[in-house]
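Can you keep this structure in mind? I'll have questions shortly.
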Amino acid sequence: MSAIDYLVFAPHPDDAEIHLGAAMAAWSRAGRRVVVCDATDGALASRGTVAERSREAAAAAEILGLAGREVLGLPDGGLNEADPAQRDVLVAALRRHRPRAVLAISAVARHSDHIALGRLAERAVKMAALHRLLPEAGPAVPGLRLWWYEAELPLPSPKFLIPSTEADWQAKRAAIACYGSQLARPDGGGPATSIATPAFLQWIEARGRAWGFQAGSDYAEACDGSEALRVGDLIGV
Amino acid sequence: MSAIDYLVFAPHPDDAEIHLGAAMAAWSRAGRRVVVCDATDGALASRGTVAERSREAAAAAEILGLAGREVLGLPDGGLNEADPAQRDVLVAALRRHRPRAVLAISAVARHSDHIALGRLAERAVKMAALHRLLPEAGPAVPGLRLWWYEAELPLPSPKFLIPSTEADWQAKRAAIACYGSQLARPDGGGPATSIATPAFLQWIEARGRAWGFQAGSDYAEACDGSEALRVGDLIGV
Amino acid sequence: MSAIDYLVFAPHPDDAEIHLGAAMAAWSRAGRRVVVCDATDGALASRGTVAERSREAAAAAEILGLAGREVLGLPDGGLNEADPAQRDVLVAALRRHRPRAVLAISAVARHSDHIALGRLAERAVKMAALHRLLPEAGPAVPGLRLWWYEAELPLPSPKFLIPSTEADWQAKRAAIACYGSQLARPDGGGPATSIATPAFLQWIEARGRAWGFQAGSDYAEACDGSEALRVGDLIGV
Amino acid sequence: MSAIDYLVFAPHPDDAEIHLGAAMAAWSRAGRRVVVCDATDGALASRGTVAERSREAAAAAEILGLAGREVLGLPDGGLNEADPAQRDVLVAALRRHRPRAVLAISAVARHSDHIALGRLAERAVKMAALHRLLPEAGPAVPGLRLWWYEAELPLPSPKFLIPSTEADWQAKRAAIACYGSQLARPDGGGPATSIATPAFLQWIEARGRAWGFQAGSDYAEACDGSEALRVGDLIGV
Amino acid sequence: MSAIDYLVFAPHPDDAEIHLGAAMAAWSRAGRRVVVCDATDGALASRGTVAERSREAAAAAEILGLAGREVLGLPDGGLNEADPAQRDVLVAALRRHRPRAVLAISAVARHSDHIALGRLAERAVKMAALHRLLPEAGPAVPGLRLWWYEAELPLPSPKFLIPSTEADWQAKRAAIACYGSQLARPDGGGPATSIATPAFLQWIEARGRAWGFQAGSDYAEACDGSEALRVGDLIGV
Amino acid sequence: MSAIDYLVFAPHPDDAEIHLGAAMAAWSRAGRRVVVCDATDGALASRGTVAERSREAAAAAEILGLAGREVLGLPDGGLNEADPAQRDVLVAALRRHRPRAVLAISAVARHSDHIALGRLAERAVKMAALHRLLPEAGPAVPGLRLWWYEAELPLPSPKFLIPSTEADWQAKRAAIACYGSQLARPDGGGPATSIATPAFLQWIEARGRAWGFQAGSDYAEACDGSEALRVGDLIGV
């Protein structure tokens, strides 16, 4: 059974890159095995087809050095944090990949799927430890820890920041740039969305810079969690 | 496509009046077009029939000068904040009315439907912007902003108060009085409810006065929101 | 119709004992009628069978002096806080038992069922007051008050502590000890769980002691609530 | 050494009545010995003289059935929560009166003295237990518990409400009415203040009614605290 | 007596520009009279002299179109939020200028003076209404409202954002640029400070952009307050 | 200039051991240089003399392997978080020791000095970076980070836990045991204090165990901070 280091749950292809791309790039470069599970295929997106988006996601995965990426097949626009069946789709992913740390998008968000996914993941990490739940999905995974990465609304008081170098951020930019179907076109065409504007990419840069200033680094990405971190040594923290 | 100014989501006929009646009266008088969407027909109420309640709601709408009122047909006692299908009923209402601001009852509440509706609305305002979601319900509505009005429990720290004049409050009182089926009868008869008591109307008055004192006005209604307000000028705020 | 004093909702047999056992023992000894409603039969537990667990629960009930105990039959691993049908199973229990105070496990928890049950109970206590909801389950119960008892994660800032004597705590220990199928075996065998370790019982002791120090008593259990307590006299509080 | 039941710290004569008058009346009537310590003599008030205010305070104390009342002599407008010397004036009062419970005005307030007094009291209750601090003020008083009563701004989420009967509230009204120098005159004369308006008394009534509705009583006063309450039995709480 | 519109309290010359410069520029351009009161002269700054800093502040005031600017003469590095004497220096400023709205730096900050000033201002706005406090400083000013602008640490959940245009931000940049003594020199010389680095100006830009994205504008500045805003109409808010 | 790794501010000799002893032992054993600065000499303690306490503190320092320990000479019972002069005593200590990380007792506490010290330290870490403040105390120390360790009241939601082994905890126990003057005597004699009881040591054990269960370790100590942590890699966190 091949265990990985990080499993990152994202609601749609491109969300993991937008909000956690620099950290994933840094982890991969440091030899960590990072897998992204996109809960949905993004079929509801105002722009692009599922096939386009799938190719874009693969290209971004390559740039970030991901050890794997998969779509979980939950309905775009239909994530439901209270539905045990959806939760168990995440449990199965945790059983398949057996990560050492889990991340999911924060529920401090506007999009219905974003609100739901972070909460589904919170429940899945505990339920993955129960032997009699979904035994067909593989042996139980005990002791998983979950962290939430910032979504489209500012995290009020993030527990921690992940500092990024200029190189990490360059990889993030390149990974986001793979999603040509979602971003503003040079000709300005396509239906209006909150992402397909020049202001959107400026915001990603600005938010990263602003957190970076707090983190004492070039850039940073912000995270939160429902439980306390475990820190043995505070030098450099 | 006839756009309106305010769309107010309420769980049952009478909730919008009880908690936001004075603001709606003031807006209407100032020329704003206000529409109330009652999520349910109130069939579960301990007193009154759906038909009675519908007539009462129409009378109240007249007093408040509403530009429209409709029942969304969701099940009374059965609102489910995590259900994408219920959310989409609200999305469709937003597409029909295309408001410039949206309000819904706060989830700081006791009643199951109240807890659920504010959260359904939070998700609906974002999802209404997605072109491929419910295209049959009309073109996407981007950039909607949602605010929650106080329900039966006190809002811990409301972001803003809507000040009311004595005249606004008089309209609110008159609108509430339309709901004869729900309120205490002179003979004291009918099944006991939390509303059908003299103390209930006293509470509405008292709460409005207490907020009014904080707002520097005769009365006020309290609101909250998950996002920051946007205020250009602070004089008089 | 035989009214009781306390109805305690627990997600699985053993949770009420683990988190609220000393208070229940104290209340029973003082002549209060306490009933535990286990939402599920615990079929998903990694250890033990439903039949074993049922016998264990009965033995624990005896030790605590419970006036009653029942399983509500909701699916283990499948509690859904937003599902009105599940909520109404709790409403029916409230109608059957007509308690004077209600407790449920806190949603500050890791286990999916724990997160869900406290929220289901919050909705059920209000809905139990509606005459036209579930009339076949018995007359409406107005004015119920709900409190949450601490679950497996620390309550950030509990509203109140229930002080326990050494005798109360001894009863709690004995009640927990009934659940032989769930706890660590002398031979260390059986599948690994978060409960079946010596550290688990040490934690129960330690947590009780730590709260006890804050409460000025030998031990204590911590509770929270969404509404303010009503306290007439502050001597000894 | 004559111990009392309740010691209530107030910043100026009239604040204890305005914000906690009904509870004090109820406690006195039930046989509790209640003492009010006014931190300052109110010399800075826009209306009235110190002598007038002192007579008014004595009259109000009589109506409320207080066991004692005294002015601590701290400077009006000059309370400083961080000043150990001011704190020790409160410590001395605690040593003199040896109460079983302590209350002070909440720091959720606008007035500088209100903000400061609640914090001074928080520190004084602990320091009163230190034998070598102020031994000349009497033996140490261990284990004091402090609660804050609501001030001029709404408490965001009070830990508890003290329910009041119509009779308790009538006593509160009468006690407040003693402060003729501070309240609106029939002729409307005197310098403008936030208290000397008809709206002020209406607010006191309204706030009490609004909390009363939440408390299931005619009126109520709201309190908070930095620590958890200790509650043995939840029936009627 | 010449009343103004906005009085902005800042701890040191340059803080108002850095954190609220765009809003002040916009207000001035719209005809509002804005006065900045720098609590200290900045003598403790690692770079620059008091005389230099004073000239820089005057130049910045000109660019922002301020109606006035003054130094209050409190000790740099020595602000003390609990000191009534320091508070009264602010009260006197409020009496002199009689503003319609007041702003001060947020206490969510690292610098000791920043932490203190926001709290001094909170107390001063109320105390300015007391006729017998500092009568020599001018007639009482009732009903002042205070808002805090974001300091060097991110506001966890700002109550409101003040949207800025590109032109507002250009004025802010120009005003900050006046403080040559504080900023990074082309030659990189001078003692190290948190401000005298290229990263500092990048952070100001980035933070403004990030809030702007949330505000639906080019840039924005974030504010908070201890009380609710008063908003009559929600269109465009 | 000899830089150290950790500087730990404590209000009185014994507080650092009681609340952070295991972490200090672990850091020392791992080769970190840890210095404790006791703000006061503990002269106000109900038991023991300053001389006794000083010897006890030295013995505890030896057990914990501290690189240094000193008394700052601030007045016991007289810490004042708003006093710039007291703050500067801490600044001077930071300049002398030039630590890489700073800890201070949490202001979530009962004792007046505990409430004050954490806030003094918060201000001192920033002010230590100002070149013109206290130049005689040594060159400025930029970029210090401060964390608060839990005091006598439970931290509501600690940002991180420091896991401890049984050996770390054994060292903590031994260090606390050095304070014979403060702890319960075998004969039960001496004035009553909150520390000199068997329950006090039981509480220290219990609290450590309870946090340890959350941290997945034998014991743990809890910390908080006003800023986000900086975490590069989440494996094992």
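A, B, C, D, E and F label the chains in the order they appear, each numbered from 1.
One rule holds in what follows: contacts are C-beta pairs under 8 Å (C-beta built on N, C-alpha and C of every residue); 3 or more make two chains touch, one makes a residue touch a chain.
Because the structure is predicted, anything quoted here is derived from the model rather than measured.
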Mutual neighbours - chains that touch subunit B and subunit C alike: A, D
Most distant chain from subunit E by Cα centroid: C
Superposing rotation of subunit A relative to subunit E, computed on C-alpha atoms, to nearest 5°: 180
Euclidean distance of C-alpha centroids - subunit D vs subunit F, Å: 36
Overlap residues in subunit A, where contacts from two or more other chains coincide: 80, 82-83, 153, 157, 214, 227
Chain contact graph, described as a line, ring, star, complete graph or other shape: other
Chains that touch, pairwise: A-B, A-C, A-E, A-F, B-C, B-D, B-E, C-D, C-F, D-E, D-F, E-F
Residue numbers on subunit C that touch subunit D, as the complex places them: 5-6, 26-27, 30, 32, 100-101, 103, 143, 145, 147, 157-163, 214-217, 220, 222-223, 227-237
Contact set on subunit B toward subunit D in their complex: 153-154, 156-157, 199-200, 202-203, 205-210, 213-214
Contact footprint of subunit F on subunit E as seen in their complex: 43-46, 75, 77-83, 110-112, 115-116, 153, 191-194
Complex contacts: residues of subunit A adjacent to subunit C: 80, 82-84, 87, 122-123, 125-127, 129-133, 140, 142, 226-227
